[in-house]
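In the two complexes below, chain A is the common chain; its partner is chain B in one and chain C in the other.
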Partner chain A sequence: MTTVEEQLFMTEKEELISGSEAVAIACALADVDVITAYPIRPYDTVMQYVSQLKANGAFDCDFIVAESEHSQFEIVKHASSVGARTFCGSSGVGWFYAFEAIAVTAGLRLPVVAMVGNRALDDPGAFGVEHNDALAVRDLGWMLYWVATAQEALDMALMAWRIAEDSRAFLPMALSCDGSFLTHSQAIVNVPTQEQVNKFLPSYDRGRLQLHPDNPITVAPQVNEDWLMEIRRQSNEAMTRTPGVIKEVYEEFKQVFGRGDPSPFIEEYMMDDDPDIVLMGMGTLALPVRVAIRRMREQGKKVGFVRLKFFRPFATEEVQQALGGAKAVAVVDRDYSFGSPSFGGVLFNEVRAALYPLEKRPHVVNFIAGLGGREVRVRDVEDMVEITQKAIDTGKIEQECNWIGVRE
Partner chain B sequence: MSTVAVEVVYRGIFQKTLARNIVRSIVFAARKEGKYGTAFGRYGDSPERNGIPAKQFAIVADDAEELEENLAVYEAQEVDVTINVDDTMCKGIESWAWYGLQPINALTKPGGTLIVTSRQDVDSLIEDIHQKDQPYNISTVTSIPSFSGLWVYKDDHTDVRILGALAKVCPQLVSLESMIEAIQDQGWDDLKVRSAERTYDRTTTRPVEPGEGNQEEPFSFDLPGWTTMEEGIVIRGIEQGGGFRGGEEGYQPVRSSVFKKYSTRSMRPIVNFDTCIKCTLCWLQCPDTCFDVTPDGLYDANLESCCGCGVCEAVCPVADCVTMINEAEFNDNNSQYEMWQKDKDDYTQWMTSLIDKQKQVDRTHGFHHVGGYAEQIAEVAED
Partner chain C sequence: MTLVQDLPQVRGVKNIPIQEGFTSGHRTCQGCESALTMRLMIKAAGPRTIVVGSTGCMYVANTTYYSTPWVVPWMHTQLGSSGAAATGTAAGLASMMRKGKMKDEPINVIAFCGDGGGVDMGLSGISAALQHDEYNLLILCYDNESYANTDIQVSGSSPWGANSTFSPPGKVHRIMNKRWKKNTAPMLAAGHPGVRYVATACASYGLDFTNKIRRALTIGGPTFIHVIDPCPKGWDYDPKYSHELGMLAVETGLWVQYEIADGELTLSGPSRAIQSGVRSRKSVREYLQRQGRFAHLTEEDLDFFQSRVDESWDEWWLPGVVPFKKPEE
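Now for the complex of A and B:
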């Protein structure tokens, strides 16, 4: 007799689902052991779908609704240390409220997979997307991935456990999903079979680091200055190993599931003819940018787009190769970093730093756009390209950081 | 250009205020002579643990720039004077972070001075102190260790007496006059000034020759590197099991080979095996699992893991069966049970003399038995 679970994912099929639903289905397919939840929009859509799937018998897990985000992340941290596959997530200031637990999860090398439903930070209370919530953990040892489509959300979630739980990494991974554009809009998604997933995703084995009565260990003691640097150095080494793990896992995913880009780190659009101007951004921003590029190409403008998928680990060489040939790069930030170099965005400064070692450096112009879920329109993208073209024509960047689509 | 560095080695919490008074007064006194100084505690010792050896430093230089040169090294690598305010630490010190055993004179410069508060004679102190390749001097301030708490300070003049001795052994630091001015500036009374002066007058030093002292290699171990330590901030547990010192009978827990507790204690328990009723309380209550169960069901304190808290003594229901004795009375960490087995009469005589002697002196901390605190409070109230 087949179980409900087997019936549900027996055949590959298309579903009309949101990014959040796609992640919830990935949780079921990955047979996650412990899932914690605490509602905050837009992440809460995931917990709704997860609890529905569990209630319907699609899979079994400990589904714990915690009393706060902090506890939510503490619970999965501990569950992960005893060898449970885990999932949780949050949004905006909820993610910040869990910050202590988020920091130690990376410090302890625990492969928790989380979804961040990107949301503007309070105050003012706002539900729309900004990337500052997830970006805040960029220095802590979390792998950070920015998702653009519901299909990618499902696929990347499956890969996330495989990558994070690889003993060479043992680092947590967050899937950043733009609030509303991804979490709340439905698209056609190919849902794989349980058999395919079982073939791809082995169970989580924490090995000698597993907290268990048969394996007596102390985890996370108090240390002094004579230990800490070695611990950080070790975490850095683990992060240095992740690009290799990611490439390996990505290739295998493509083999088993038959889809995927050439690179797990960046997605290149209309880049074959080495365009003069390359736009760069993360997440669902890709949609209006691609449309704008098609229009501009029709007008004969050589413009391309590079979507950065993994923000951490940052694929320095791939970014250098993709952008190094351009005359100018326009970095679109759906975030801000008040007081940073050139008073620009986070991605802008990272990209500019990555390009600095190149002998021939392109101009790098920054655009802050789409904050709080404001739409980035095709016209906005055309404006960005126009400003960037001016830098090429005059050989000088008039203003490094430009706010686009903002009322004066 | 001359910079003078002084370290105060003290028992955490119990002597924190004492150490602070000393290093701050040094800087105040130096200021009287137009010099610049800084006073600080070793950050790694904080938060301090009761009785665990800790350090504070005073560094004094002729001008601010010279001081800065010396502060580029946060923890002094060499000091002109080491002040040890509990003579049991002459056996060496281990901070709570466990770096191994550091000789008390490890930082004392060639030709520098070690000042110890003690009632022992200098020769018996030198027996405990690890030998050095270079000559240095030793000086004692006759006193029992001055212990108090974090929020209370026992003003028994130990601070000013040490300051007086310091002015004598290290005149290049500050003069006695400046030291007295600094004492007065802090609002301390004339009696304290007189204590400083009197100690200054009485202080003498005795040179310690190269090679003189304890010949043992101080216990040390290598810290692992990032490639050799476990990942995930994991420390592996120790395989358990094993009989008494490798034998079948009795029980000895297996202990960490690196986390020793030699010098964290200022007292140690001594056990009367003849009167022990095998009630298990000491073994059960010891917070450090320091008791080994002997083949005949007695309890032998393992002195590599005893931190000297005195809980065993407090819970023991038999009079004088477990007694805390001043650590200064001992020169080794040998098993008392094995001594007792070898010659019971000898052991009893030795033990009895130590217990009798202990009864004559004030203990530094803790209470002899449950209820001891309440009794002492009542006594104080009567005075």
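Now for the complex of A and C:
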């Protein structure tokens, strides 16, 4: 007799599902051992699907509804330390409520995989997408990936455990999924078979770092100034190894599942003819941008788009190569960094920093758009390109950071 | 549900296991009773145990890189995370054992926290851990009655009137800490009827403590033990009196030793003798006046302190334990 689980993932099939559902299915396919949940929109839809899978016998995992996000992340952190594969997630202020646990998870080099359903931070209350929640952990040792489609959510989740649990990395990884636009929007997704996943994803082996009576180690003793710097340096070395691990895993994924982009780090759109203006952004922003570019191309405007997928590790060389030849780069931030250089967005300043070593640098113009889930319209993108064109025409940037689609 | 170990009750101090799980290498103060609590705890639990410890003296002073005193696997957890740490460790083991990813065997899971980490910050996490009947775990709160590691600040478990770096007696306000110590163990027992074992203890009564640890680890499901630990630095007394002060806390009726196993309350040691009228409570003055943290208390303050303790024995429904007024006969 076959179990429900076997029946469910025996044949490859196409399903109309949301990004959250896609991640939940990935959890079952990856045979995650411990999953913790706490309600907050929009990420929590993933846990609704996980709980359904468990309730229906399609997924054997310890599913724990924690009493706070802090506990939610602490529970998976400790489960991971004894060798269990884990998944967790949050949104907005929930992610911040867990911040202490999130910081130490990276410090301890525990390969927890989390989903962030990107959401604006209270106050004032707003459910819609903003990237500031996930971006807040950018300096801590988390790998951060921005997803654009439901298919990518499923695929990247499967890769996330493989990358995070690789002993060369042993770093946690978060999948950032734009609230609503991805978490709640359905699309056709190719769901792989259990057999394919088993071939691709080995079990998690914590090795000599596993906390177990057979391996009586002490984890995270007090080190103070005697050792902290060496340990930070080790984390940094682990992070510098991740691009290599990611490339390897991505290539193998493409072989087993037969899909994927040329690069795991960036996705290029209409970049073959080295366009003068290149837009850059993350997540579901890709949709309106692609439409706008097609329209502008019809009008003869040479515009391209680079979607940054991994924010951490930041693929400096690939970004330099993709953007270095442009006359101007328009960075679209679905976030803000009040008081930062040029009072711009987080991505903008990162991209500017990445381009700085180039001998010939493009103009870099910043656009803050789509905060709190506000739609980024095709004509907003056209406005951005127009402003960017002006920088090319006049040879100088009039205003480095521009808020788009905002009431004056 | 995972298996539990066979840890029989110990009859007589001489039968406490010789094997140590907490050895040299720690840097706690001379006379630190919390360190003794750790030592007895792991002696009782034995080597097939994972210990997770919250931030506090028993982490910072206890567990230094390259000189860890822990012979068993040990991991730090965050100040308010003892409940989540125990849950996560137990869930990880349970899940992998059930799925055949790890050998199915009984492994004790103990998470400890201080009073600051447990009675204050970690209360919600401990409460949540106590709701998961499917995991075998013990949460041990070692209560030195202050945030000791950060230089002795009052917590919700500090005694009324105690001098601390956040409650110094001043010219205008003699009593800065006006809060009465939280009644933690009964709160957790009453609030989580599914929990099979909640107890209070003191390392001055080592055998009693050892057996409570063993009952907590073998009864099944999540359990909680609250231990009072005299702290020479925070309580301000000569380190050689730690053991005696632990006894005085019990003999004055300020700290009541009991266990609640499957809903049945049993007092032990001097607490039991007091309850049954075999012996009378010592005056709280004998205990308070031995400690510098109470040096500023006036006669009136001491009378007030005594009256509150008297009340808990004479007027509470379950003397020293449950603070509801006795129902009319």
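Please note the rule applied: the second predicted complex is superposed on the first by the 408 of 408 C-alpha atoms of A that agree within 3 Å, B and C clash if a C-alpha of one lies under 4 Å from a C-alpha of the other, contacts with A are read in each partner's own complex, and residues count from 1 in each chain.
The rule we apply is simple: a contact is a pair of C-beta atoms (placed from the backbone, for glycine too) under 8 Å apart; a residue touches a chain by one contact, two chains touch by 3 or more.
Because the structure is predicted, anything quoted here is derived from the model rather than measured.
A.B. asks: So, A:Glu237: does it touch chain B (first), chain C (second), both, or neither?
C.D. replies: Touch status of A:Glu237: first partner only.
A.B. asks: Give one of first, second, both or neither to describe whether A:Trp227 is in contact with chain B, with chain C, with both, or with none.
C.D. replies: both
A.B. asks: Counting only touches as set out at the top, which of chain B and chain C does A:His70 meet: first, second, both, neither?
C.D. replies: A:His70 sits against chain C, while chain B stays out of touch.
A.B. asks: Applying the touch criterion given at the start, work out whether A:Leu16 contacts chain B, chain C, both or neither, answering first, second, both or neither.
C.D. replies: neither
A.B. asks: After lining up the shared chain so the two structures overlap, which partner does A:Gly107 touch, if you call chain B first and chain C second: first, second, both or neither?
C.D. replies: In the superposed model, A:Gly107 contacts chain B only, not chain C.
A.B. asks: Touching A:Ala353 in the superposition: chain B (first), chain C (second), both, neither?
C.D. replies: It touches nothing on chain B or chain C.
A.B. asks: Give one of first, second, both or neither to describe whether A:Pro216 is in contact with chain B, with chain C, with both, or with none.
C.D. replies: Once the two structures are laid over each other on A, A:Pro216 reaches both partners.
A.B. asks: Per the overlay, which chain contacts more chain A residues, chain B or chain C?
C.D. replies: Touching more residues of chain A than the other partner does is C.
A.B. asks: Which chain A residues come up in both lists, the one for chain B and the one for chain C?
C.D. replies: Residues 215-221, 223, 226-227, which sit in both footprints.
A.B. asks: Mind listing the chain B positions that touch chain A in their complex?
C.D. replies: 43-44, 97, 99, 223-226, 229-238, 240
A.B. asks: Can you name the residues of chain A that touch chain C in the complex?
C.D. replies: 31, 33-34, 60-62, 64, 66-68, 70-72, 74-84, 86, 100-101, 104, 203, 211-213, 215-223, 226-227
A.B. asks: Which stretch or stretches of chain A touch chain B in the complex?
C.D. replies: Residues of chain A touching chain B: 107-110, 170, 208-209, 215-221, 223-227, 230-231, 233-234, 237-238.
A.B. asks: Quick one: in the complex, what on chain C touches chain A?
C.D. replies: Touching chain A: residues 47-50, 52, 59-60, 63-66, 68, 70-78, 80-81, 83-89, 91-96, 98-99, 101-102, 107, 124-125, 127-128, 132 of chain C.
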